[in-house]
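Each of the next two complexes has chain A plus one other chain: chain B in the first, chain C in the second.
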Partner chain A sequence: MFLRYVGRRLLLSVPVMLAVIFITYSLAIYGAGDPVATIVGQTEQRGNEELIERLRQRHGYDRPFLVQYVDYVGKFVTGDWGTSFQLQNQSVRVLIFRTLPVSFQLGLVAVLILLLVGIPLGILAAVKQNTWLDRLVVSFSVLADSIPSFVLAPVLLVVFVLKAGLIDSAIGWDGIFSQKIILPAVILALGPMLLIVRQTRFAVIEVLQQDYVRTARAKGLRGRTVVWTHVLRNAVQPVITVSGIIAAYLVTGSIFIEQIFGIPGFGQLVVTGLRRNDLPLLMGTTIVAAVIVLTSNLVIDLMYAVLDPRVKYG
Partner chain B sequence: MSVRTVPVTLGDAARAQERIKHRSLWRDAWTSAIRNPFAMGGAIIIMVFVVAAVIGPYVSPYSYTEQDLFNTEHPPSWDHWFGTDELGRDFLSRILYGARTAFLVATLVTVVGGAIGVVLGATAALSEGMLGGAIMRLTDVLMSFPHLLLAVFANATLRPLVQDRFNTLHEITGIGIFRSQLIADYLVVFGILALVSWPGMARLVRGQVLSLKHAEFVEAARVSGAEPRWIILRHLVPNTLGPVIVSLTAAFGSAMLLESALSYLGVGIQPPGASWGAMISENLDMWRYEPHLVLVPGGVLAVVIFAFNFFGDGLNDALNPRSRRR
Partner chain C sequence: MLSRPMNRRSLVRGTGGVTAAALLAARGVDAKAQGTPMPAAAANQEFRIAARTTQVNLDPHLTYNIAQIGTFTYFMWSGLTKLDANLEAVPDIATSWDISEGGKIYTFHLDPNRTFADGSPITAQDVVWSWTRSLDPATESLVAGSYLGAVVGARDYWLGETPDPPTSYRALDDYTFQVELIEPRNYFPEILVHPSAFVVKQSDVEAGSEQAPWPTIAKAFSGPYVIESYSPGERLELTASPSFPVEQTIQRITYRLVEDPQTQFLLYQNDEVDFTQLAVPDAANVINEDPTYRDELIGQPQWWSSNLYLRMELAPFEDEQVRRAFMMAINEDLLIEAVLQDLNPNIDGIYYPGMDVYTDDISRITFDPEAAREVLAQSSYGSAEALPPISFYIAADEQTGTEARLAAAIQEMWREHLGVQVQSRVVATYAEMLESDVQIVIAEEALHYPDAAGIAYFRCQSGSNIAQFCDPEVEAMLEEAASTQDEAESTQVYREIQNTLLDRAAFYPLYQVVAFVLVKPYVMNFAPTAMYTFPAFEEVYIAEH
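After this line comes the complex of A and B, so read on.
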């Protein structure tokens, strides 16, 4: 039963994936103009129509669009994601898979911070609903949401590193067990913090009004026990629901944070591709970013089905 | 930014009751918003921002491109309230022009993206056939891209195309407007942001209309022989308007943020055009020595987005009777 659900869900994401690649590919082909002419235009052979035509034929750009698209999908599935224009003609796949683990670790630490801070804050705000504590927590999260990471990062860098001297060096990447990860991970976690706090707060308020919570209270359970046993379990679900959005937040946030903190991850790669107008690289990163969001949505749906017996496999 | 889904279901009975008391949802919302200090504070900041964006360039003491190479990187003074940047340009004037950029882009994106979203979302909900399904699949696809990445990618591919077309148009028509790279920039940025912003709105409207379509009071209206037009105008539109307004406020804030993020990455508004995001990245190297060059645009950006967030929350509480009662 469950496996069938997994299979169905996987199958459903195939057309979405094809459409994602279609949009990316048509933007690249129709938008940016002839890639061959672009490359040749940057060399001394500029204007050499014969060369351009030969290269077009060799790379298959003279074929109809749909044929090229299907060909690209085929190549993408088999792992041939093209070569970067600029970075010594390296394979886009190799570049992405080299940087992705770094970003993944950074994202993992950020998610940990996010959950360990955001969920308790949301519960706190809900339990103390409409008190100054509730307003403080919500205002703090709105504030965290309002300051763009490319503003917050330089400010915190100067405050913590230069002025307070709490962190010796904050630039670079030494794995997740170094102090260098603290600032980038915290800033990355602050982006979706508001979402988590709001979701948790709202869910807990809903749950607190349920009959079974009133029953638990009525039979004399302490407030804390009620929260731990009844409320928390039901409050986690809405948080899971927004995980796709969180994944998108993390991918987006990593672009700014990795660039500012000099972390050689996926976000840094996107910025490099952007600065050098490296179209094959940008195509790869854009599609992979969509794959990340789609995958997290998929995982979330499956987790939902496992965690909540009320969800029907259908 | 996520679009808040706010189910508003106000039964016809409650509606009738309210009419007796001569109170409408809107008047209630207005009283509730006025009493909320956070929402009002946000509204005041937003008004200051709008005024600055509209009249700022006329009252600014200097031109935003005027360079004074003898007075570069001055700290704030009476002559230059926010100091000058590395080219000696008056920072206050550039902030004011940046406000205009942010306001212009965000307004266009919100209006165009919102309109597309509302129309497509309502179409998807009202037509149950292939069309509705196709629209929703399209939103699925567009929403599986992280917004900024799609925007960055579309920017990299479409900007040369638009600039090329602009050059051609200028050669053919000789109209001066097509010579301006700045207008091409604005067009690219705002087109791309509208492209990524409508799916959220479409989903919200579709969900709203779908839940209303089978609400009892709508069924009752239909059974009693009301025309579809009447149902749409009297029942669907008023009940969908609240969440749509709230979501438009959020969309405005996030469009501003996306514009400055694009400009920060160097793919939005190109120099010498002024954008807060570009101002931050231009001065990031100097940040250690001249902190005001980053703090001022960063602070202004954060404060305005903060205001939109609080205002949106206040509106949400005011327009959503369910959350107000709590």
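After this line comes the complex of A and C, so read on.
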């Protein structure tokens, strides 16, 4: 039953991926302008129509759109993701698989911070509902959510690196056990903090009002035991849903953070593709981002069964 | 030939204040000239650069961006000629060259002691192989045809119109390389400073793979430094080549690769780098507000400018009087002051201060709103009301940039002084703009090799000819100036061409681009030039600090 469910979900993701490729390809070709003309336009050969035409033919952009689309899909599934126009004809597949692990590591640390801070804060706010502590937690979360990362990052860099000198060097990438990851991971985690805190708070409050919790309390169990034993397991399910979506976002959406902190990750590659209208790179990164989101959604759905025995797959 | 670097006061007030010499004295240049003792060299000769890119173009034959060429390529790769500190082409791998009677055949004599970094000799066969690779359509160089296009058969091969590589360049022996040109070109040695003509080793290129692009595993660099490590998007480390004939004082160059200008500045502030480019708003802040880094700022005008073009094949600008009227209604001083915050010098012609052909003895169209209205009234259109709809090209990726702000200011000047309402039109690509009927364009033009022939954007067939200016007489003059071996004659003709273009209101020069950099005071002998930031690098060293 379980495997059939997974198979059906994977099958359903095929038309979704085809639609993603179709929309992205259409936008890249008809929206941002001819990708060949764009790159030639950045050189002193910018008006050389002979050259533009030769490159169009070489890369097949002179063919009808649907032929290009079908050809692209066919090549993509066989592992030929093309070469980057802008990055000296490097393989898009190689570029993506070189940058993804960096973003995964950064995203992982950010998710850990998010969950380790966000869930306890949400529980605290729920348990202390309508007290000053509740308001403080919610206000902090709203504040964290409302400051854009491209504002927060330079401010924290100046404060922690230049003024306080608490961090020697914050720019670049030395892996997850380096001090360089602290600021980008914290800033990345702060963005969706409100969502986690609010979701946890709401779920815990809801569970706290359930009869079985009241019963547990009536039996004389301590507050902390009630929360850990009866509340958390039941409250965590909606939090997991949100966390999964956030995790996918953190891996694929750390664009500003990677730019500002000079982190050679997937987000940086996305920016390069977007900024330079590098069609093969743009397509490759978009498809991989879509795959990550679809996969994380599937994993979340499968985790429901682990967390809640009432959930059955059919 | 060296253009004068600008410091704060000369930028702000035009002249006077702290002189360029005083500014450079901090780097040791002036002290050296006066014979005063130079500070002692530090034990660690590492030069750390914050470079504004995340991806370095390591393959010289696929490098187009002028900033990348100056910042990276020249450190790793060499060609037959190179630029000296005065931006003149001087021997590099070739020790000398002969030019045939008619000026069409160049014979280069290679240095027999010159080797790649792996110790193998650089031969004429290597030059032949490198040029063929650069031109090969499979290499997909977008510009090789521009630089080697003067060579017989090169352009056709590059465009894929002929399958066989040109036979017009050959190795006469191991250390003699000969090339035949279509027409005499007195600037050919200058062209060869472009990476399209640089020498790479065949075995290195063929060893590359999809997983490991060849430059990242190359052993045989032809330039003064070799790659020690490369982490794309993060860091590039070079070390001095043991085989290079000129010993480098700087033993290691470390690039921090960051695209965000603020991050670059932060690296500099945090003493993590010794050199950084500075974005214009940050430069303005250093010049006008925060004095902390003012003494470390260098503003170097580039051989790179921004021009306004009124496209001459499109109404109403086919009428010279209309073009003249529109140009007379532009208050250039106000643009420089209000839009460019006095950070860029204005420019009057197509040549730059420091070039041999440069002269300030020219007359350009100046701001005169009253005369502008009269000239418009005398045009074939007679009045502003009779003009067809006019649109101003805004590049899709430039909507918040300098060009867009300049365009807005100029549109307002035309509205105020001529009563003409010009619409902005955002166009996705340059090629689309050329095919469109948008009549007004602001575009930057940079010299890619140090010769007036590089300013080819008024040639009839040039893809860069935005103005759509085409005059057989000017074509003939350009040909004459490029062909003659008489330097004085060439200079004279180029100046006449400039006068013709200004007389015909073929373009309106707006401003000269300035490269702003911050350099730590202990980096000695650092003197950027008008084309590239780091020539004559063997003189640079890190003083004790």
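Operating definition for what follows: the second predicted complex is superposed on the first by the 272 of 314 C-alpha atoms of A that agree within 3 Å, B and C clash if a C-alpha of one lies under 4 Å from a C-alpha of the other, contacts with A are read in each partner's own complex, and residues count from 1 in each chain.
We adopt the following convention: a contact is a pair of C-beta atoms (placed from the backbone, for glycine too) under 8 Å apart; a residue touches a chain by one contact, two chains touch by 3 or more.
This structure is a prediction, so every number in the text was calculated from the model and none was measured.
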{"item": "Chain B versus chain C as contact partner of A:Y72, first or second or both or neither", "value": "neither"}
{"item": "Touching partner for A:R54 - first (chain B), second (chain C), both, neither", "value": "second"}
{"item": "Touched partner set for A:Q90, first chain B, second chain C, both or neither", "value": "second"}
{"item": "Contacts of A:I263 with chain B and chain C, given as first, second, both or neither", "value": "second"}
{"item": "First, second, both or neither for A:V161, with chain B first and chain C second", "value": "second"}
{"item": "Partner chain in contact with A:G172 - chain B first, chain C second, else both or neither", "value": "second"}
{"item": "First, second, both or neither for A:P15, with chain B first and chain C second", "value": "first"}
{"item": "Contacts of A:T272 with chain B and chain C, given as first, second, both or neither", "value": "second"}
{"item": "Overlap of the chain B and chain C footprints on chain A, listed as residue numbers", "value": "31-33, 154, 158, 162, 260, 271, 275"}
{"item": "Touch list for chain A against partner chain C, complex", "value": "31-34, 37-52, 54-55, 58, 86-91, 94, 98-99, 154, 157-158, 161-162, 169, 171-173, 259-265, 268-269, 271-272, 275"}
{"item": "Contacting residues of chain C [partner chain A, same complex]", "value": "54-55, 57-59, 62, 64-65, 137, 140, 142-143, 145-146, 159-160, 210-211, 213, 231-235, 256-260, 262-263, 266-267, 269-270, 272, 396-397, 428-432, 434, 448, 462-465"}
{"item": "List of chain B residues in touch with chain A within their complex", "value": "2, 38, 137-138, 140-142, 144-150, 152-154, 156-158, 160-161, 164, 257, 260-261, 264-267, 277, 280-281, 284, 287-288, 291, 294-295, 298-299, 301-303, 305-306, 309-310, 313, 326"}
{"item": "Partner chain B, residues of chain A touching it in the complex", "value": "15-16, 19-20, 23-24, 27-28, 30-33, 129, 139, 142-143, 145-148, 150-151, 154-155, 158, 162, 194-195, 205, 242, 245, 248-249, 251-252, 255-256, 260, 270-271, 274-275, 277, 279, 282-283, 285-286, 289-290, 293-294, 297"}
